[in-house]
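The structure follows.
Naming follows writing order (A, B, C, D, E and F), and every chain is counted from residue 1.
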Amino acid sequence: MPRPVLLFSGQWTDLPLEDLTQKASEWGYQGLELCCGGDHLEVQRAVSEPDYCQQKLDLLTRYDLTAPVVSSHRVSQAVGDVIDRRHRAILPDYVWGDGNPDEVPQRAAEEMMATARTAQKLGASILGGFTGSPLWSYVNGYPAPAPATVAAGFAEAARRWHPILDVCRECGLKFACEVHPGQLAFDLYSAEMLLDALDGREELGFLLDPSHLHWQGIDPAEFVRRFPDRIVHVHIKDTVLQLNGRNGLLGSYLPYGDPRRGWDFRAPGHGGIDWESFIRALNAAGYDGALAVEWKDSGMDRLYGAEEACKFVKRLDFEPAPPRDDQAFRNS
Amino acid sequence: MPRPVLLFSGQWTDLPLEDLTQKASEWGYQGLELCCGGDHLEVQRAVSEPDYCQQKLDLLTRYDLTAPVVSSHRVSQAVGDVIDRRHRAILPDYVWGDGNPDEVPQRAAEEMMATARTAQKLGASILGGFTGSPLWSYVNGYPAPAPATVAAGFAEAARRWHPILDVCRECGLKFACEVHPGQLAFDLYSAEMLLDALDGREELGFLLDPSHLHWQGIDPAEFVRRFPDRIVHVHIKDTVLQLNGRNGLLGSYLPYGDPRRGWDFRAPGHGGIDWESFIRALNAAGYDGALAVEWKDSGMDRLYGAEEACKFVKRLDFEPAPPRDDQAFRNS
Amino acid sequence: MPRPVLLFSGQWTDLPLEDLTQKASEWGYQGLELCCGGDHLEVQRAVSEPDYCQQKLDLLTRYDLTAPVVSSHRVSQAVGDVIDRRHRAILPDYVWGDGNPDEVPQRAAEEMMATARTAQKLGASILGGFTGSPLWSYVNGYPAPAPATVAAGFAEAARRWHPILDVCRECGLKFACEVHPGQLAFDLYSAEMLLDALDGREELGFLLDPSHLHWQGIDPAEFVRRFPDRIVHVHIKDTVLQLNGRNGLLGSYLPYGDPRRGWDFRAPGHGGIDWESFIRALNAAGYDGALAVEWKDSGMDRLYGAEEACKFVKRLDFEPAPPRDDQAFRNS
Amino acid sequence: MPRPVLLFSGQWTDLPLEDLTQKASEWGYQGLELCCGGDHLEVQRAVSEPDYCQQKLDLLTRYDLTAPVVSSHRVSQAVGDVIDRRHRAILPDYVWGDGNPDEVPQRAAEEMMATARTAQKLGASILGGFTGSPLWSYVNGYPAPAPATVAAGFAEAARRWHPILDVCRECGLKFACEVHPGQLAFDLYSAEMLLDALDGREELGFLLDPSHLHWQGIDPAEFVRRFPDRIVHVHIKDTVLQLNGRNGLLGSYLPYGDPRRGWDFRAPGHGGIDWESFIRALNAAGYDGALAVEWKDSGMDRLYGAEEACKFVKRLDFEPAPPRDDQAFRNS
Amino acid sequence: MPRPVLLFSGQWTDLPLEDLTQKASEWGYQGLELCCGGDHLEVQRAVSEPDYCQQKLDLLTRYDLTAPVVSSHRVSQAVGDVIDRRHRAILPDYVWGDGNPDEVPQRAAEEMMATARTAQKLGASILGGFTGSPLWSYVNGYPAPAPATVAAGFAEAARRWHPILDVCRECGLKFACEVHPGQLAFDLYSAEMLLDALDGREELGFLLDPSHLHWQGIDPAEFVRRFPDRIVHVHIKDTVLQLNGRNGLLGSYLPYGDPRRGWDFRAPGHGGIDWESFIRALNAAGYDGALAVEWKDSGMDRLYGAEEACKFVKRLDFEPAPPRDDQAFRNS
Amino acid sequence: MPRPVLLFSGQWTDLPLEDLTQKASEWGYQGLELCCGGDHLEVQRAVSEPDYCQQKLDLLTRYDLTAPVVSSHRVSQAVGDVIDRRHRAILPDYVWGDGNPDEVPQRAAEEMMATARTAQKLGASILGGFTGSPLWSYVNGYPAPAPATVAAGFAEAARRWHPILDVCRECGLKFACEVHPGQLAFDLYSAEMLLDALDGREELGFLLDPSHLHWQGIDPAEFVRRFPDRIVHVHIKDTVLQLNGRNGLLGSYLPYGDPRRGWDFRAPGHGGIDWESFIRALNAAGYDGALAVEWKDSGMDRLYGAEEACKFVKRLDFEPAPPRDDQAFRNS
């Protein structure tokens, strides 16, 4: 049984959900990863309007789609971050409020709990998002943080996230924390630290998007092999390295799509990720969750690309071997 | 005339300057890059005690050393940074004061001006340091900053640095701003932005240390070719890439020397930098400043290494060709 | 709107045009790049017979093909070359005449003007070809030419080509000069020199065939980025490097297909060219001309291969992104 | 007994021979490869003045140098070339004469015979030089030459060179023909063709300079293994590849030292040649001739570099193993 | 006419032949390589039951399959090996007998002769298998064997194989000896030695499976070019290198599929083999035999994979160029 | 305190020990690894003649050399091997005896115990050697051994080696078992298996020679990091990979020095081993044993090479950093 191929709705919140649903269905997707944004998922309405979730489900069902994953990357970012003016643009007004940096994280945490309850109503088993990070400015910065400073940052983040994870447990959800620059966990060893900081509690898993590891020099398949039981959601997005001696991996403040960047996102199969070894690592780890296309490519039409990507993922996701038995003729 | 080979004193402030001077001379160095720290250079004493600078110069002269470059990386960092608790450990008490983040940068700026005046007294022509950066937490972070946010960060930094550069001009100094993660300029394009933000004023130059560019994927020789007239100081330090699929270039909060890191500093010649192409680029640019060994290698004894490094640099710094004339027999 | 996929007719002049037209149509091509050779395009008949061009167009129309590009590589070569016996085999008798090296180039120039007028009658907007070169024997040869000798060669070529470009202007054509060994422009810097020599006049553009750049070590995408407004026609042909220590890039006088060669031409997708980055560079440059398959592969059946190549190009030529607008969810 | 390390005098003809001799001796060279140029070797004087050769030998002896190899690259080039205005600058007036392209080659051939007789008088056993080539303009050019055209070029060259090789035989000399772009033999397979064209006669050997093979992608050690008995002289010169996507291997008419070139010459050990495998191949072939430094590096001072190069070659030229005998303890 | 695509039946002997035949036909195969094992091919029954072979052929014909190749890898291994307990598991009881190492090889040889006669009855032209090797334990072992010891091993093997090859000749068969670790011929030079040891007799050819050469560092296309007339059968199987510094190419006794191995088998197209150059080498050699998928991939479902592999091979096996004729327009 | 640099005497047993001692001392070595062979170390005499060992020690002392390591590779090989005719050439007559394969291993074991007692008398702390292997013929062979077969081989070897290790314990020796093809432990995972089979007993350590790992694709530094406490002796020998598509890593039965081999041994620094990372790994592991040059290079004179190698090792063995303390200025 191949894994369901989803479309991450975050890049499409400019379209009404019904439009996106129709397109995704035509393109061959089996479901959506519903993101908070536009009319795709409005948490406060979902909480307060009795039929809200059912209507969303009905809509998806009409197009034969499922929604096993719900995501809220923007609000979750504010839970653990040092808040600054950038956050205003990504938060609902009622979370931002007066923008007091000491209070925004708490409001963001409450919104995440409400999102978890909404995800449960939608029948999802995974809640995706970020953690934010009080430590990001120290990564490769100067002065290097003392170990105690790093530890304190993780402890503070744990304090903020435990209550949300408690709600996830109640709701039967895993929180899929994306391994991503700007977050506490952005590579293999920082992911270990995050698990430790949260006592390895069961509700915590990782959302793995190979595109964020590739340009750092990390092999996504090694990440899977290190945490075979913690991968609870997967994004499919590609990255291209275009180093030429003049540009670099830190990106020079240049936006995606600027040809001077040292790396950029690409439609799956159009970059440098070794998808073969990645899917085999997922197979070996027994991962049976969804594969969600997060479509982002500054050089390709998104309508054209989203359809192509769906086909790409289905081709990629070959049938793994059944549990090993002795083979009759092993060595010729 | 080969370039003077200096030893950057910053890693040696646990030694009295006289001890370091003696060693450096024995190892073959021709001078020191004097750093603020220990008794190497105490700015407030230099400003207030009439003989302070002359005594330092006398000491150096006794060992046949010069001090053409003066550096203050720690204090300069605080000029442009968002101040947090990490800065307390790197600042003199009178600069840190009560640690009010709105006031520390101003006190740091005043200290830098005093440092410039001290450098002039010492006969130096280069003042080295950092800029700090209000933008560092946005690099590769989330949410990406709007272009206006980046521009505002550079503008604010320019506002803080212009007065210091004014003093440099008065003192006949270039400010050698190190291209370095954690600073405004950390790669080629961000260096362009910094120059633009400061109107390309003449007192601003770059301190180029190839070790900070190499792991980003940038060719230090390309940086030289892009800014041939702005390289005013050079650090010699090496970097090794030790990627193995599991670690990454962002370093996982791990300290230098931790074998799990994706890259680390190395004694010159023990890492992956292409020194041949770097020195040729400096030659082609007509760079005639110093080559300062910043010795940092977690796997080698520093006394052994500092001597080896001096020999390495002298061997590296071959005599460049004189200005081009026609060659008699060009093509056989 | 994807670009028209053409078949370059030059390798098929042994077939009557009608046969080729029928095949090309069946294979999926949308048009032909009509070459002078066989009965594909006979310039003197086109000039003298009133219906000649219309009959060709009628033939193409019957098979739903267009002919937006007309090429004359052989005759154009003789315009700028030092004439020797090799040229006899590639020129019509009336251009070769008595083969006087001082007169052949003038007759070739006149033929090119007639070809331009023919192209106009055929409704083409691009005239493709070579320039020939009086400098080719100096490339990598001995003795190296003095700069003045190089300049004189370009000046002479400019003198010969200006009148032809004048006719192109009258006819509303761009002359697509192929960047190719044996020509004045064979790489990025020599292309700059050619543009300069011809005062950057508007009728002059480049026919870019990545296969001629790849084995020289040049990235075709960089060429596009250097001359975004000058690429007026594109050939799709691949190249394989098969260096093994014993052979070399200069080819040892060995014909294509000889397994000892250091490189060879290949059907598109069967060699080493990075087509993904090439098509993205064309997209970024806003190139909206044709993509013409020049099919040449000594190891594959040409009937099989021409069909496969058409499919390859259509798959390659994905829909580029629309002009950039802000994206809602850029960084997750 | 290690091989003698010579300095090729061609790049130093602006210095009087006595000056060069003194320097070469101080730098550690054991001899010179005497080139026709300046006062280093004037063939017509050597032929007509009875003491000329002896005086040269006396001079060398005073500085403990030998001269086992005599070279005349410039004049030899004109023997096989299509003559044009470039040749005027490299030929003595009496060889150029009126520059009639049909007659210059014959005068050049006569001068080469005189050079051979001079070499004999000087006690040399090797005469080095070029062949020139009537085929160079066809290499990678258009139209490709028919096989018969290539064969005719070799035949013509053979006709011109046989008489010179006859004189070499009389004088007990090998003619060391440099494998070099611009010559008939520029790679492994063209060297085979040249040997065939000259019936494999014994007086013909190759002068191998790895720098001319490296940028073509050819492994100089493979060349040695192909012609173990035909390597009669060796030049030591290095080459660096500096491809960056924008430049190419054909060099864009740019002079050596231009940073835009795709490759350039370098002092030995400062480029990309695998000297270890090259010297082992020479050892395995039993080559016992000289190693002559041809010093050419646009980025290094030649006085500094020539001394460094001599040391480099001596270090490189380790003692080879004696003819193989059974080893007692082969496999632990 | 493309080559027939077969399925090697050896990995499927747990399925009755009829089941496999049906599946193979549905998957698109054109035939089977029938292996001794299960009910696929029972040699003693084939010899003793008059209708046995015809019934097999009828079965295949019902599903439109052919059987041009018959294989017996297991029994053939015992002909040349030093017999130990491992062989019991792979031999029929009547060949193993009492397991006396001096007698098993003779019984294996007789079984191979019977297999050859069976192959003839089945209309096959190729008999595939191994040779076994008395020398395998010496490869890379200690102490290294003396040359005489190697020679003696080949001589002994030749003595054992000549009678079998005699029967092949009578039956009109080539014996396709697989180039494979554990055999006398496992790489290019050992294949030369085997041919020599068997006097280059015509019945001896090679079964080439690129997967066994790739991890040894050998290019399968070079093997084809070395023995163009001796390749009589081809297996299509892929290999992946997964070296990470800790594992190695000798495999540490680890079974296939263990993720710690330095290399492993893969479904075709899922590993590192350069199939493009391999198929072109077969084309150039004029190979017109079958391409047999030997399907082995520990990470993929075999039913899914066998169908995919058939499609892969058909796509790979493009139409080669007809024998070379002059091309009209070779160089544009 | 740098590590002692020894010369492994095994390749020099054709020289009387006194000759070798004198040479080694002149070349700069600090000691010998004494091997059984020639007059270097004759175990039966050492056991029976009271002064034998003292005379050897006196000889070494005269030349200022030590002998901290004693080796017996040849005899130790026979302890665990399947005995065949190759062993006769490497064993003393009294160990070979009648060559009965069932008895030779026992006699070899007794000789190893005597060697251990001799090593003790010589004051050595390390006994070096092989294990032999009953499993070598199964490595990469066919049929693959069942896991039980592998386990049985290790168990048998353990049975044979325990008594020898008992004697080592009595004598205060570590047995340094060389990780080497042909032995039970030839890579990282097989070394784990050997340790397990021998219950991880303390007397068992590894002799690590990077040259045997490099061509297998294993990083010697990773091996050190895996077994930091088990490396008890180190050989310094280099390996070159010379793959060219035609040759392979299994070596085709070709002897060392044959240019067709895919890899070969080289004098240290003349091959492809990354000595920098190897020595750093040894430093990090706290290895304080000897570095013994095992000099083997078929292309270099051994007298020349042994001296060069000693210098190479001394240069390589730089002073490691003292145990980590906080560094004052970590991040500039």
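Of note:
The rule is short, and it goes like this: a residue touches a chain if its C-beta (ideal position, glycine included) is under 8 Å from a C-beta of that chain, and two chains touch if they have at least 3 such contacts.
What you are looking at is a predicted structure, and each value in this text was computed from that prediction instead of being measured.
Looking at chain B and chain C, the chains that touch each of them are A, D, E, F. With centres defined by CA atoms alone, the chain at the far end from chain D is A.
Using the average of C-alpha coordinates as each chain's centre, E ends up farthest from chain B.
Counting the residue numbers that touch the partner chain, chain A and chain E have less than half of them in common.
In terms of their C-alpha centroids, the spacing between chain C and chain D amounts to 39 Å.
Centroids built from CA atoms put chain E at 63 Å from chain B. If you average the CA atoms of chain A and of chain C, the two centres end up 47 Å from each other.
Centroid to centroid, with C-alpha atoms defining each point, chain A and chain F lie 52 Å apart. Within chain C, contacts with two or more other chains are made by residues 74, 130, 142-144, 180, 182, 245, 255, 330-332. The touching residues of chain D, when paired with chain A in their complex, are 244-245. Those residues of chain E that touch chain C in the complex are listed here as 225, 276-277, 280, 283-284, 318-322, 324, 327-332. Residues of chain F touching chain E in their complex: 74, 77, 82, 85-87, 89-90, 130, 135-147, 149-150, 180-183, 186-190, 193, 213, 216-219, 221-223, 226, 241, 243, 245-255, 260, 262. Considering their complex, residues 10-11, 13-14, 35, 37-38, 73, 130, 178, 180, 182, 242, 255-257, 259, 270, 294, 296-305, 308 of chain B touch chain F.
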